[in-house]
Structures are given as C-alpha cells and as structure tokens.
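Look at the two complexes coming up: chain A is in both, with chain B in one and chain C in the other.
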Partner chain A sequence: MLKCKINGKEVEVPEGTSIIEAFKLSGQDIAHYCWHPGLSVAGVCRLCMVEIEGQPKLQIACNTQVQDGMVINNNSETVKDVVRWGLDFHLINHPLDCPICDQAGECGLQDQYMQFGKYTPEMAERKVKKRKVVDLGPTVVLDTERCILCSRCVRFTDEVSKTHELGIFNRGDRSEIGTFKDRPLDNKYSLNTVDICPVGALTSKDFRFRQRVWYLKTAESVCPGCSTGCNVNVYYNEEGLWRVRPRYNAEVNGHWMCDEGRDTYKFVNRKARLLEARVGHKDSWQSEAPGSAAKQAGVKLKEVLESEGPESVALVLTGQYTTEEYEAAIGLFQSELNSTLIYHWVNNPESFEDFDGLLLRGDKNPNTKGLLQALEQAGIDRPWQDLLDRLKAGSIKTLVVAGPENQSVFPDQLEKLEMFKEVENLIWLTAGPVEGLEHRAKPTWQIPLKTYIEKAGSFVNHQGLKQSFQVGTIVVSSALTLAEAVTLLAGQELELSAQDQILQQNRKKNFFTETRGAL
Partner chain B sequence: MSIVKKPKALSKWYLPGILSGMGFTFKKLVTNLFNPKAMPTLNYPEEHYQYGPRFKGNHVLTVKKDGSLRCTACMLCATNCPADCIKIVASEHEDPTVEKYPISYEIDMLRCVFCGFCEEACPVDAIRMGPEWQTPALNGSNFIYDIQHLAYRPNLKGGIQSRLDDEERHKAGI
Partner chain C sequence: MSGFQLSAEGVEFVKSELKRYETRLSAVIPCLYRVQKENQGWVSPESVSYLSQLMDIPEAHINEVLSFYTMFNREPVGRHHVQVCCNISCAMNGARELTEKICKELDVKEGEVSKDGKVTVTRVECLGSCGTAPMMQINDRYYENLTSDSALKIIRELK
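And then the complex of A and B:
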C-alpha cells in the first residue's frame, strides 16, 4: 500500500493506482471526461490536471500513478485556472444545442460548466460546423458537432465489444467520430457507447426525444433479460418505464449491459400489459378484476380436485419469477392442493448454454437457477415428457401456467399453447396478453401478474449469485404477484402488509394528508 | 377581518340616511345622463377595455419565416410551469437542422396562472403571452389549447414571427 496526501487528506491506495482513482477512493471531486473506470487511459481531455509537490508542471491525474509520499492537490488557483481554460477550449466548437439535446440534464459539460465555467467566452472565431444527426446504425445517432473527442466510445468498441466500428477521422478542429464505410455501429453492446458519452454526441434511437431526463425517477433493479442478471437502473415516471441503464457491479456485469436487456422495459408498460383478468373461452370472454378472477379459478380448481383427485392439477413454471414467488407457489401447491405435478418450461433448450464471452447468455430467464433450487428443495424433479404423457392420457384436468413475463424470448409459446389445448381448465398467469389464447375452446382464465419492477424479490443468476431487488414502481396496480395469485388459487385470503394497510388508511382519509408539506 | 362600527346617533333615525343616499344616486343619474363620457364604468359586452400591448394574457406560439413552429420542444416551459399546465410531445424532425419539434403542444388554460414563467424560460422566443384575455368557452375541453389554436388562431393572422432567425444564427456561427 502506498501513502499519499490528496488535498491535505491522507489516503492509502494499492500499488499501481492512478491519481484519479485515488481521488475517487478518497471521495473527492475531480473534473474529467475521457477517463472511464472500465476503459483504458487515453489522456486526451486534459481536464483532470493536478499539482504534485516537487514537480514543476501540472500532471494529468488519469495517466500518473501514485507514488509513496506524493502530495497532490487540485484546489490551488493554478489548477482551477487550467481546468477553466481546458473547459473553455472544449466548448469552442460545441454548439448551443442544449434545448434539443437529449443529454441535457445529465451532461458532463453542463455539470462541469457550473463548477469550472469561465462564463465570459473569449473566442472571437466562428464555430466549426460539422455533420448533425448522423445515422450510425440501428441503435445510435451521432452528432459530430457536440462531440468533444474524448474517445470513450472508440475505446469501448476496441476494448470491450471488440468490434472496432468507430474511429476518429480527420485532424485538428475538423476531427470527428465516425464509422467506416459500409460498417455501421451494429453490435450487441452498442448502446453502452451512449451511456459513456459524456456529452450528447451519441444518443439512443430508442430513447431519443421521448422524455427529458429530469422528469424521470430512478429505481435500482436486476435485468430480467437473461441469466447473467446485470444490475440496472430503471428510469420511470407516472406513465411507465422509459429506459434501462447498467449499474456498476464488479462481480456480475461491470459497467456494461447488452442492448437486448435495455428492451426489457417494453413489456412492463401499460400498452403491453394485461390490465384485467380475462375469463371465458373462444365464444365469450369477460373482463374481471384479477383478484376475483383468481378466486373464481380457485373455486373451480377445488371442485376438480375433489372430484378427480390431486393428480388432476398441474403447475408449469417458467424461469421468469423471483425465488420467493417460486417457494410460495410450490409450497402452496404441495400443502393446499396436495399436488406434486410441477414442471419447468425451458424456452430454448438448444441455445440454453450459449454464452457470447461478455454478458449475453442463451438462457433468457433471469432465475432458472432459483427455480431449479426451489424445485430441488421441495424434492420435485419431473421431466417435461411426464407432463406431455399425462396430457395425452387426459389425466390432468386443470393446468396452471405461470407464463413468461417477457414473451419475446419465448418463441415456443404458441407451440406450448397447442400442447395445452386439450386440458379441461387452463389458468394462465401472465403479465401481457397472450396471443393464441383467445382461440381456446375450453374454459380459460388469464390472470394479470406484476412484472419484475413492480415486486420485491431475488433472482439467482447463472453463477448462483442471489441478487435481491426492491419494488421500483407500480405500473398496473391491480395485477397480482405469482405468490398472491397462487394463494388465491389455493383458496386462501391475501394478507395486507402493514405498509399497505397504512397506505389504504391514508387514501381513505384524504389525498392531501399524504402529500401535505410536499405541495 | 371585520371592523365593528358603532352606529352613530343620526342613523338611529331612518329617513335622513335614506334621503342623503337617494340624493347621491339622483345626482349621479343626472350627471351621467347629461355627460355619459365621464362615467368610469364600461358597457361590458359592447365595450372592451384595452390593456397595454405588454399585458400578459393568453399564450401565443411564434412561428418561423416559413410559418412552421419556432418551438424546439425542449420542455423548459413545461419544467418551469408552476401550475403544471403545459404538455408537450416531442418528435424527430426530418430536417437535421431542426432535429426536434413538438408534435403536440397543449396548454390547459384553466390550470394556467398567467405567471409568465414559460415565456421567461423559453430559450428560443417560441412562446409569448399576448394581450388577449377574454376567451370564454362552452365547456372545459375548449380551454385546452393545442398548436392550431396557440400558433395559428384567426386573430393572429397566420402567426406571430419570432425575433430569432435560424439562418442568421447559423451564419453567426452559433
């Protein structure tokens, strides 16, 4: 360990640490653009200048390693002046696009201008005009005028995604980021370049102009896109979710996540959701409140159970729910319905073990491990073939399916529906409306479930790491969690948590009692 | 606040008060009959009071030279609005120099408190508060003004042009 002094504060850092990392470790602010903890050092923005005692000139903190006994500061007048001028040079050709720029509100230039701005620009020359709204590929739009050439995106494609699509072209004030001819920025991690861009030069096509970032709230969650279980921040407002961005976790995803995972907000929003339970069959469908529909289905289930015995009820689970829900559902199924016919629906057995070497895994369920663990705990190990045999024999009268939350990764859903066609009663628990279920001729219950952002729980990822998350926001408030749905199916009543009870009481009293002081 | 006034001795008697009051009324009646211009009141529906041109009344969205909206949908007015009455939906414009524009811009006039913060927040002189203030309507939905009303209502005669000019700004290197 090396000892150094940063702005008068004693800091102990491991050998090989750069000064900027030591600043971060000691929790002190330092201006920077091009340095990113997940990428190599470029040293091009010249903003992280520090004064080191005994050295005549200022040094850049990102490319200087800490040595024993170093005395470093970045709050002297010299350093402040250099940072001010450095920032002013960055702004020479930067357009005044903030009103139409998507990055406004989370922009490195805006933030640091408030701190180190010169406020009286001394440039008399005209700004150099460059290309705007350049289509880089299927996901990213480039604005070369706004780019400050920090080269983070170039380093990302070189070092992390290793696809080498981006480069810096031309020289001097005409240099700009770009792609090579006939090679668009098209890889599975391309949107990370948008995240790491400190200005608004790279913007995401999916999020572009949809919302202003200062209207959005953030919730921490775990990506349900595949079994890697990347840690994410979900951005939402009262209308629903708008985007998903990675959150740093050294053990799981580092700083990155894939583009597929960023689409996981789409099936959560109201447009893609089942808002009310649908009960009936091909000729007559009725909408009902989820709770009462689940209760009705429970009554039917009990009836069948009494007349046909416990072997007539089966449960099919997908790897898309939380461990807590699995434990509750399997437990209730065993204790209340005396059935051990619980099966695991594997959506893509051929590509289940795939791995692209960075983050993406073939198992598109966040919690397959959790499900297998819960099944093992309950002592249930039934192959899929067993269910097929029983279906063929017609011994299963009622089938409860905890269908996929993210239906886009279940290409075999229609095929499975075809298999379940002959079952007498089908209770399908799902977040979104299921295509093909409308044409079923026999009694069916479609009961809406909550999605990952609307419930607390934990996912066990492919490494066996259990990651817990909390409720972020509620999109469809009447929807049930899997545990609640199975409780109602088993004929039990739901218990309100203490927090829910308080909320309900408050709502009864007056809206303003809840929000008093905030108005 | 209520001020308690003790009744004066004279007002115990009914007639003196009535007579002095009626006398004042008749004096005004006679002066108004012979000199109606000195009347401080207006015959409202027929006569309107003209406020100064800087009066901050109903909003106007300004237009560019070609008649398209000046607004860039930056949502600063909506952010600054204390009454939360502005609702904007932005979209991508096919012209890369425009880039972003509002496909829907709605102001709920029943929520608006006419504070003028939207005008102050606007970086491109796209929203102004005009001298209009008497805008009755038959039901609540008529008070939600859309782009068509805000920028192109008939009395604006094709829209009010913004001071800012994009071409000039580009030439000046901004």
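And then the complex of A and C:
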C-alpha cells in the first residue's frame, strides 16, 4: 500500500493506482471527461489537472500513478485556473443550445461549468459548424458539434464491444467522431456509448426528447432480460418507466449492459399491461378486479379438486419470477392443493446455453436458477413430457400458468397455448394481455400480475449469485404478485405487508399532504 | 470489395512494414502511401477496406489516419498533382499570386481536376523548403526558387 496526501487528507491506496482513482477512493471531487473507470486511459481532455508537491508543472491525474509520499491537491488557484481555461477551450466550438439539448440536466459540461465556468466567454471567433442529427444506426443519434472528442465511445467500441466502428476523423477543429463511410453503429451494446458520452453528442433514439431527466426518479433494480442479471437503474415518473441504464457491479456486469436489456421497461408500462382480470371464453369476456377474479378462480379450483382429486390440478412456471414467489407458489400448491404437478416452461431450449462472451445469454429469463432451486427444495422434478402426457390423457382439468412477463422472449407462447387448448379450466397469470387467449373456447381466467419493478424479491443469475431488489415504483396498483395470486387461488386471504400497512396508516393521517407544506 | 488491389510487390511491402514496427498501427502511413501511389494518386474508400483486410486493422482506424493527414488525397487527382506551398516564406515571395497564375494557365480551379484529367492544383502548407521559397511540389518532385516564368514553363512542359 502507498500513502499519499490528497487535498490535505491522508489516503492509502494499492500500488499502481492512478491519482484520479485515489481521488475517487478518498471521495473527493475531480473534474474529468475522457477518463472512465471501465476504459483505458486516453488523457485527452486535460481537465483532471493536479498539483504535485515537488513537481514544477501540473500533471493529469488519470495518467499519473500515485507514488509513496505524494502530496497532491486540486484546489489551489493554479489548478482551478487551468481547469477553467481547459473548460473554456472545450466550449470554443460547442453550441450553446442547452435548452434544446437532450443531455441537459445530466451533461458533464453543464455540471463542470457551475464550478469552473468563466461566465464571460473570451472567444471572439465564430464557432465551427459541423454535422448535426447524424443517424448513427438503429439506436443512436450523433451531433458532431456537441462532441468534445473525449474518445470514450471510440474506446468503448475498441475495447469492450470490440466492434471497432467508431473513429475520430479529420483534424484540429474539424475533427469529429463517425463511422467509416457512415455505416450504422449497429452492435448489441451500442447504447453504452450514449451512457458514457459526457455531453449531448450521442443520444438514444429511444429516449431522446421524451422526458426531461430532472423530472425522472431513479430506482435500483436487476435487469430481467436474461440470466446474466445486470444491475440497473430504472428511470420513471408517474406515467411509468422511460429508460433502463446499467449500474456498476464488478461481479456481474461491470459498467455495461446490452441494448436488449434496455427494452425491458416497455412491457412494464400501462400501454402494454393487462389492467383488469378477464374472465370467460371466446364468446363472452368479462372484466373483473384482479383480486376477486383470483378468488373466483380459487373457488373453481377447489371444486375441481374435490370432484377430481389432486392429480387434476397443475402449475406451469416460467423463469421470470422471483425466488420468493416461487417458494410461496410451490409451497401453497403442495400444502393447500396437495398437488405436485409443477412444471418448468423453457422458452428457447435450442439457444438456452448461448453466451456472446460479454453479457448476453441465451437463457432469456432472469431467474431460471432460482426456479430450479425452489423446485429442487420442494423435491419436484417433472419433465415437460409428463405434462404433455397428462394433458393428452385428459387427467388435468385445471391448469395454472404463470406466463412470461416479457412476452417478446417467449416465441413459443402461441404453441404452448395450442397445447393447453383442451384443458377444461385455464388460469393464466400474466403481466400483459396474451395474444391468442381470447379465442379459447373453454373457461379462462387472465389475471394481471405485477412486473419486476413493482415488487421486492431476488433473482438468482447464471452464476448462482442471488441478487435482491426492492419495489421501485408501482405502475398497475391492482395487479397481484405471483405469490399473492397463488395465495388467493389456494383460497386464503391476503395479509397486508408491514410496508403496506405503514402506507395505509399514512394515507389515513393524510401524512403526505400535510408535510408537503404551502405551495 | 471489388476494384482496388495492390500489386504483388505492394502486398509484400505491406507485409514487411507490418513486421517493422512495435505496433501494427504504425505501419498505416507507409501502407497508405503505397496505396495512393498504386491508385492514381488518391486513396479511395474501397482501397481502405482492402487495406483493412490486408493489414487486419479496422477500417475506422485507417480512416482516422487517412483523414488526419493532408498528404493523402481522398478525392481523385490529376496525373500531375501540383502542390504550391503558401506558407509564410513562400507567401511573402508571391506564392499565392503564383497559384492563381498557374490555375489560369491550366484553366482549372484550385483543388479541382482539370477537364482532361491531367492536373490538379492545390495550395498546401509548409513543405519544409522555406530557404528556396517560393516552391511547389509536382507529384514526388520539388521545384524551388520559382518565378512566375519558370513556374509556368514547368507547367507547360507537363505531359
């Protein structure tokens, strides 16, 4: 370990640590654009200047390693003046269109300008005009005027995605990032370049101009897109979710996530959701409240059980729910309904084991491992074929299916619906409306479930790492969790969780409006 | 990928350059020169793709080098590429007026190829021959201590 002093504070860091990392370790601010902890050092933005005692000139903190006994500061007037000028040079050709820029509110230039702005610009020359709104492929839009040439995105395509599309072309103040022959930036990780862009040069086609970031709240969660289980931040407001971005976790995803995972907010929003339970069959459908529909279905279940015996009820689970829900559902099924006919629906057996070498896995379920563990704990190991045989024999009268939350990764859903066609009663628990279910001729219950962001629980990823998450926001408040739905199906009453109770008490006391104060 | 290909010697050259430096990227400039020489004086996007495959270096990286340096032409040029230095010493000795005269003589606009495809005239920055200003470079040769008469004579003698 090396000892050094940063702005008067003693810090101990391992050998090989750069000064900028030492600043981060000691929790002190340092201005920087080009340095990113997940990429190589470029040393091009010249903003992380520090003064080192005994060295006549300032050094860049990102490319200088800490040596034992170093005394470093970045709060002297010399350093501040250099950073101020450095920032002013960055702004020479940067357009002053913050009000119409999508990065506003989370822009590195804006943030640093608050502290290091010159406020009276000293550049008399006209700004160099460059290409704006360049269509850079299916996910990204490029504005070359706003780019400060930090080269983070170029290093990302070289070092992380290894697709090498981006480069810095031309020279001097005409330099701009781009792709060779304006080919599209089309790789499975392209939106990470948008995340790491410190300015508004690279923006996401999916997100730009849809929300101002200061109106969005953030919740920590785990991506349900595949079995990697990338840690994410979800950005939401009262209308629903707007985007998903990666959150650093060295063990799972580092700083990155794939573009596919960023779409996992779409099936959460009201537009894509089943808002009420649908009960009936193809000639008559009725809307019901989710809770009472589940209760009703529970009564039907009991009837069937009493007349046909426990072998007449089966449960199909997908790998899309939390471990806690699996344990509750499997437990209740065994204890209350005396049935051990529980099956695992594998959505894409051919590509289940695929892995692209970075993050993307072929198993498009967040919690297959958790489901298998829960089934093993309960001592249940039934092959899919067993279900098919029983369906064929007609011994299963009522089938409960905990269908996929993210239906886009279940291409076999219609095929499965076809298999379940002949079952007398079908209880389908799902977050979104299920295509094809409305044509079913026999009694059917579609009961809306909550999605991953609306419940607390944990996913076990492909490594066997159990990752817990909390409720982020509620989009469809009447929807049930899988555990709640199965509780009602089993004929039991729901208990309010401690959290819900507090919420309800506060509502009674009108707590939220009282503390808001006068507007 | 149709179109441009280096000659057998050219390919040999690229291979030996790749071994010559510590990093493969260092070989890009000499190889681009070679391509320019074998491609009528300019480097086309197709030839960048060809070189990228030959050198196993991403196209974007070759294009970074290509677009940085002015000595590589990214547009077709005439058989004779006349580059008149207009940096300080040459400019003070009348290089800018000289460029205009040459253009008029050849009936061609600066930076454009003449109609017969014979010449391109471009203004360039310092060619490192300030002691003999004004000067120009035609393809690989320097012509120094120019006067308008001597320059026009050289131009007229171009084939």
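Note that the second predicted complex is superposed on the first by the 502 of 519 C-alpha atoms of A that agree within 3 Å, B and C clash if a C-alpha of one lies under 4 Å from a C-alpha of the other, contacts with A are read in each partner's own complex, and residues count from 1 in each chain.
Convention: a residue touches a chain if its C-beta (ideal position, glycine included) is under 8 Å from a C-beta of that chain, and two chains touch if they have at least 3 such contacts.
Keep in mind it's a predicted model, so treat the numbers as computed, not measured.
Trainee: Between chain B (first) and chain C (second), which does A:I168 come into contact with in this model arrangement: first, second, both, or neither?
Mentor: Once the two structures are laid over each other on A, A:I168 reaches chain C alone.
Trainee: Give one of first, second, both or neither to describe whether A:L414 is in contact with chain B, with chain C, with both, or with none.
Mentor: It touches nothing on chain B or chain C.
Trainee: Which one hits more chain A residues, chain B or chain C?
Mentor: B
Trainee: With the two complexes superposed on chain A, say which partner A:V299 touches: chain B (first), chain C (second), both, or neither.
Mentor: It touches nothing on chain B or chain C.
Trainee: Considering only touches as defined above, state whether A:F209 meets chain B (first), chain C (second), both or neither.
Mentor: first
Trainee: Touching A:K181 in the superposition: chain B (first), chain C (second), both, neither?
Mentor: Touch status of A:K181: second partner only.
Trainee: Where on chain A do the contacts with chain B and the contacts with chain C coincide?
Mentor: none
Trainee: Can you list the residues on chain A that touch chain B in the complex?
Mentor: So the residues of chain A in touch with chain B come to 95-96, 98-100, 104, 125-127, 129, 132-133, 208-210, 212, 214-215.
Trainee: Quick one: which bits of chain C touch chain A in the complex? Just the residue numbers, please.
Mentor: Touching chain A: residues 45, 48, 58-61, 63-64, 67-69 of chain C.
Trainee: In the complex of these two chains, what residues of chain A are touching chain C?
Mentor: Residues of chain A touching chain C: 158, 164-171, 179-181.
Trainee: Using the touch rule from the top, collect the residues of chain B that touch chain A in their complex.
Mentor: Per the stated touch rule, the residues are 72-76, 79, 90-92, 96-97, 99-100, 123-124, 170, 172-174.
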